[in-house]
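Let me give you the structure first, and then I'll get to my questions.
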């Protein structure tokens, strides 16, 4: 029988589709980090102050840090189930470059856990009394920043996938790595509030995204090979 | 029910063995698992790995698959080192490990759709036919967490029917299978080697296949 | 070339060679440390602006300068581990992480002490270098905890090698973004590397002596720790057992 090997693009889409399907079937894994994000953001006004002036000052930072934490929590599932049931081995043994398979998994993770958070951010920004003119910037910065965090976090998840209990080690490794994204994300909102243009800062974030897309999956792929070893 | 015939390796040099490992050395946790190990696997051959628990059968298989790289020595695929040609090696290899590679959240059909799409174009009918042949007719759309371990193993065996890989590396494929499943797998193995494929298998089950050769570890 | 490289990678060769060098290194370290500390703390004329406070700056700058070397060192060792699988590189990297964390901590501590006097605060978020050092410290702790979490030494070696390489890129990214974030503070500590700086050449010479001393201290620590690691990992080999029998 003439069995033609699939193109890498087909394999990429198939992996993306599969991960989205799994996410759709395990709604808990998707909903919980999202709920976590919303709840954490809602706790800040209670913990700090209900005064709208003070809230508007911290709004961008609070949303960004909550996004960071939620993204880190949701990352934990990225490779674990596949590692446990052996699908990861099958992925490593596929004739296609692992780079694109990892990219597909990261993209699916972002679509499922990053995008909803970005979409709901204007609502939370409203609740935290962020001045209206900064909504677009916050939205854009999160739109660029969350995939960077997915890509970078993926490396740490891949390194720790074989560990039994690793909730905190993941945090220790990933959180310091997100400093650059956090800085530019919050600075761009600040710039808008100071009536300056955030375009330059967002462009830097786009550049970071480009670097992350081209390098991070390589590191994740290497990390997966190490972990499955 | 002949399985898909492995592609005949006309493009390869005929006198080179399919898979050859020479002078393999591996140690784990400061214990030497094997050293100076040589093995050859040619078309039409079944190699059964034997050895007590912890003798390194699984490790050896994972090394030969390219999943484990903490070894010293050379492994070649038709005379060329496997590191030089991973893509063509991987496309001719089917590995089923202890963890069978079946996602519990998905149905058998969805699982196979994905694992086939990583390798070669497969039609929906082929997948359904393979599932029927491994005895999963009627379970195509049930999520795998509702299936028994043996049935999940069968899902992974269906891949053997669909993928025209020349080399099968199977780690304890018989453990969770019932009597009928064992018969099915034995038939599959026989048909595969008849068609010029090669198999490496670990099992404590006694295989009744004429082409069988045995390698003992530890 | 290849032969030399694989010889260099042999733990026994390193153990023998470093055994010969170590006394000299320790001697040099003691001399430089004594001269540096005694001179900086007792004899150096006080800074024209900062007075006696500047003395701790000499130690701070030397330690800070040294702690910058760890991530590059671990990343290079990581590349060697991943590409050539040289075990010695991993032994060095393994011990570099805790020493690096300790140096980063010392940098933060001496920086705080100095800051408490001259800035009037123990911690200053607006100082980019201090913040960068803090996150380098965190990243090093991450490498250490990954190492201790992975039981298989071979896997731990490769995983930490990869994390060190990623970490180096990250430290650089953090450094520039934090600098961008806040560039309000004094540039390079009022120590400019020219002899006509208001502090005079003595100040510069003291810092250089101290820097050499701390580098020597780092090398001695790293070599001794690596030698320990070699004995530990090669304990079943013939030459280590002979060594134990002799002593």
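Just a few scattered comments:
Labels A, B and C are assigned to the chains in the order they are written; within every chain, residues are numbered from 1.
In this text, contacts are C-beta pairs under 8 Å (C-beta built on N, C-alpha and C of every residue); 3 or more make two chains touch, one makes a residue touch a chain.
Here the structure is a predicted model, which means the values were calculated and not measured.
Seen from the C-alpha centroid of chain C, the farthest chain centroid is that of B.
Each chain gets a centre from its C-alpha atoms; the one nearest the centre of all protein C-alpha atoms is A. Spacing of chain A relative to chain B, judged by their CA centroids, is 36 angstrom. Our note on geometry: chain A versus chain C, Cα centroid distance of 33 Å, whole angstroms. Between the CA-based centres of chain B and chain C the separation comes to 49 Å, rounded to the whole angstrom.
Annotation for chain A: residues touching 2 or more other chains are 229. Multi-chain contact residues of chain B, defined as those touching 2 or more other chains: 70. Shown for chain C are the residues that touch two or more other chains, namely 154. On the side of chain C, the complex with chain A involves touching residues 82, 135, 138-139, 141-142, 145-146, 149-150, 154-155, 158-159, 162-163, 165-166, 169-170, 173-174, 176-178, 180-181.
The part of chain A that touches chain C in the complex is made up of residues 155-156, 159-160, 162-163, 166, 169, 172-173, 175-177, 179-180, 183-184, 187, 208, 215, 219, 222-223, 226-227, 229.
Per the touch definition, chain B reaches chain A in the complex via residues 4-5, 7, 65-70, 86-88, 90-91, 93, 95, 97-106, 110, 113-115, 117-122, 143, 163-164.
Interface residues of chain C, counted against chain B in their complex, comprise 152, 154, 236.
Chain contact summary for the complex, chain A toward chain B: residues 1, 3-6, 10-11, 14-15, 17-18, 21-22, 25-26, 81-82, 84-87, 89-96, 225, 228-229.
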